[in-house]
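For reference, the structure is listed below as C-alpha cells.
We call the chains A, B and C, going by the order they appear; numbering starts again at 1 in every chain.
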Amino acid sequence: MIEFRGVTKQYPDGTVAVGGVDLIVPPRTTTVLVGTSGSGKTTLLRMINRMVDPSQGAVLIDGTDVATVDPVRLRRSIGYVMQNSGLLPHRTVLDNVMTVPLLNGTRRQSARARAMELLETVGLDASLAQKYPAQLSGGQQQRVGVARGLAADPNILLMDEPFGAVDPLVRQELQQELRRLQRELGKTVVFVTHDIDEAFLLGDQVVLLRTGGKVVQSGTPAEFLASPADDFVSGFVGADRGRRRLRLEEVDGQRVVVDEDGRPAGVLEP
Amino acid sequence: MNWLVQNVGLVGELLLVHLALSVPAIILSFVIAIPIGYLAHRQRWARGVLLTLCGVLYAIPSLALFIALPAITGFGIRSPLNLVVALTLYGIAVMVRTAADAFDAVSPDTRLAATAVGYSAAGRFWAVELPLAGPVLIAGLRVVIVSTVSLVTVGAVIGVQSLGSLFTDGFQRGIVAEIVTGIVATMLLALVLDALSVVAGRLLLPWARRAAPGRRSSAQPVAVEAGEPA
Amino acid sequence: MNLFAEAIAWLFGPDNWAGPSGITARLLQHLVVSAVVLVIAAVIALPVGGVIGHTGRGKQLAVMVSGGLRALPTLGVLTLFGLWLGIGLRAPVLALVILAIPPLLAGAYAGFESVDRRTIDAARAMGMRETQIVGKVELPIGLPIVVGGIRSAALQVIATAMLAAYLADVGLGRFIFEGLKTRDYAQMLGASLLVILLALVVDGAFALVQRLVTPTGVRLARSARTGGEPARKRTPARRTITEGNPV
C-alpha cells in the first residue's frame, strides 16, 4: 500500500506543483492519476520513488516513510516506465531489460534468462533481443520499457504516460496488454495519463487532479460518472458534452445504445 | 598605454590594413559557401564529398597553407592576395557545413507549401529557403568573422602586414604593450564586425528576432565548437 | 609543378633528415610537444567540461571561457608568453595549453550535454547512482563528441606548434622560418607539405577513433533520425557537434 499524507511540493520560485494531497493507493490494484498538464500528476508519481522529494508531508510504502530509504535502493525496488520508453540507446533490448537486475547484483546468466522470459511476457519476439532501441517501433519500445520496469520483479510499477507517444491503434493494443498483464501479475500500479478514457479503461481507482496539484475527486470510474463532484469533473469526463449520456433505441428489434446526438455506441445484450 | 598614445597612428593604419585583408575574405567565403552548401543540402552524394573536402581543408595548419598556396596560385608568399585566398578557403571550409545545416533546418513542410503555392525552384530558393536559412547562416558568418580576423595576424610571421605585425614587432623589440595592444585591437575588431553582422541579420531577418529557444541556443554551440584554424 | 618537385626532392633528401635540426628531429619535437600539450590541456579541461555537462552548472561560464579564449589571436598569445617567459619551451608549451583548452572544454561539455535528459532521467529512476549514470550512460553516449573535441584540439595544437617555432628552436615550423631567411622555398614548401600530411593523418586517426567509440545503438538512432525528412529539423548545431568539427 502506498500512502500520501498531506503531500505538498513547492518549488523555490513559488510554483506549487502538488498542493496538500492525501491519498491511499491500495495494493495489487491500478490507480490512475489523471489531469491536465500542470496538475502535478507526474510530480506526485515521482515522489513514490523519490525522483522528487515533497516539501511537506510524507509518502509511505507499507507504512515506511520513503524519505528514510536510500533513494537508489528504493528506485531499484520499484518499476518505472516512462513516455518515450527512456531506453538506453547504446544498449540492446536484452541489455536494457537486464539493467536493473544487474544493478541489484543478480548473476548475468539468470538476469538474462529472466529478461528473455519478460520479453515473451510483454509480447515481444525473442529475435528482437539483440536489436537496439532505434531499430524498434514506438509500440515495441514501450513494450521493452514495460519489460524493463518489471525486470526486478517489483511490487510497485510506476507508469508515466507510457502510451502517450504511440499512435491510437497501438495504444489500444498496449492498453489491453497492460490489463492482461495486471490480471496475471497483480502489481500495485500507479499510472499517469491526461486521457480520461485511458484512466477509466485501466483504473480500479481514478484520481482526478487540477492545476496546483489538488485532488478534485477520486473513486472508481463508475462513481465518477454516477456522481461527478462538480462542473470541472463533468467537463473533464465529458459528461457535459453528452458523450457519457447514453440512451436506448429500438432498431430492427434490437436495443441499440446511442449517445445524446443519436450516434450509436453499441448493442445492448439481452 | 604610453606606447599606444605614441603609436596610435601606426595602430590605426594596421587596423585598416587588417580590415582590408579580412573583410574581402569574409564576404567572399560567405558568398561562395552558400551555393556549395545548398548543393550539399540537395544532393546526398555531394554532401559527403563536399563536407569531407571542407574537413580536410580546415585541418590544414594555416602557416603551411600560406606557404604552400603560392606554389599553386603563383602569388608571392608575402602578397596580400595570397593571404586573402587562403583565408577565403578557410572561411569556405567553415561556412559550407553551416550552410548545408542551415538549409537542412528549413522545415520540409514550409518547402512543400512554397512549391504548392506555385514558386519555381529558383523563386523558392530566393524567397523562402534563403531567408529561412538566414539565422543559421548568420551564426556561421559570425564564426567565420572571428576566425578570419584572428587568422590574419598569422600572416605577420611571413611578412604580410596587419595587426599581427604588432606581435612580431613587439616580440622582437621586447615591448609587451605593443603585443597587448595587438591582441586587444584584434579582438575588438572581431567584436565590432561580429556585432555588425548581428545587426545586419536583425535588419534582414526581422522575424527571427525572437527566435525559438532552440534556435538561440543552437547558435552558440556552433560558435563554441568551430574555432579558428591556427 | 617544378616547385613541388623541388619540395619533394628536399623532403626525400637523406641529408635533410639527419642531425639535430634534421627532419626526423624536428618531426619528433613537433609530435612530442603536441602530445605533451594535449595531455596537459586534456587533464585540465576534460574533467571540468564533463562536470559542467553532467550537472548543467557553470554552462554560461564554459561558453564564455571557450568562446572568449577562441577569439584570442594565437600568435599574440605566443609572443606575449615569449616575452614574459623568455626563449625556450616554457612559453610555447604554456601558450599552446591555453589555446587547446577551449575545444577540449567545449567537446567534453557538449558530449555530456548531448545525452538526452530523458535517458538520464530514466537511468536515475531505475536506480543508477550518479557515478553509474556518468560511467554507464553519459560517457559511452557522449564519448564520440568528447573525442571530437580532442580531435579539434590536436589539430589546433599541431598548427599552433608551427608558430611556436617563431619563438623557440622547436618543431617543423623551424624549416619555414629558416627558409624565409635563406629564401629556400623548396624547404619551406617541403616542410609545409609534411605538416599538412601530419595534420591529415592525425585528423583521420581521430576520425577513426570517433567511429570506433560510437556505440552501435547510438549510430542507428542517429541514422534513423536523419534518414526521414521530418527528422531533419534536428538543430543543425547539435549535428555539427555530434559529427565533430574540424578546427
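Keep in mind that, in the parts below, a contact is a pair of C-beta atoms (placed from the backbone, for glycine too) under 8 Å apart; a residue touches a chain by one contact, two chains touch by 3 or more.
Since we're looking at a predicted model, the values are computed, not measured.
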Report the chain closest to the protein's overall CA mean, measuring from each chain's own CA mean. C
Could you tell me which chain lies farthest from chain C when each chain's centre is the average position of its Cα atoms? A
Need the CA-centroid distance for the pair chain A / chain C, whole Å please. 48
How many angstrom between the C-alpha centroids of chain C and chain B? 20
Need the CA-centroid distance for the pair chain A / chain B, whole Å please. 52
Junction residues of chain A, two or more chains touched: none
Pull out every residue in chain C that's touching 2 or more other chains. none
As the complex stands, chain C meets chain B at residues 3-4, 7, 63, 66-67, 70-80, 82-84, 99, 102-103, 106-107, 110, 152, 155-156, 158-160, 162-163, 166-167, 173, 176-177, 180, 185, 188-189, 191-193, 195-196, 199-200, 203, 229-230, 232-233, 235-241, 245-247
Would you pull the chain A residues touching chain C in the complex into a rising list? 46, 49, 51, 72-77, 80, 82, 84-92, 99-100, 103, 132-135, 148
Mind listing the chain C positions that touch chain A in their complex? 116, 118-119, 121-129, 132, 136-137, 140-141, 215-218, 220-221, 224
Which bits of chain B are touching chain C when the two form their complex? 54-56, 58-65, 67-68, 71, 77, 93, 97-98, 101-102, 104-105, 107-108, 136, 139, 146, 150, 153-154, 156-159, 163-164, 167-168, 170-171, 174, 176, 179-180, 182-183, 186-187, 190-191, 214-215, 217-230
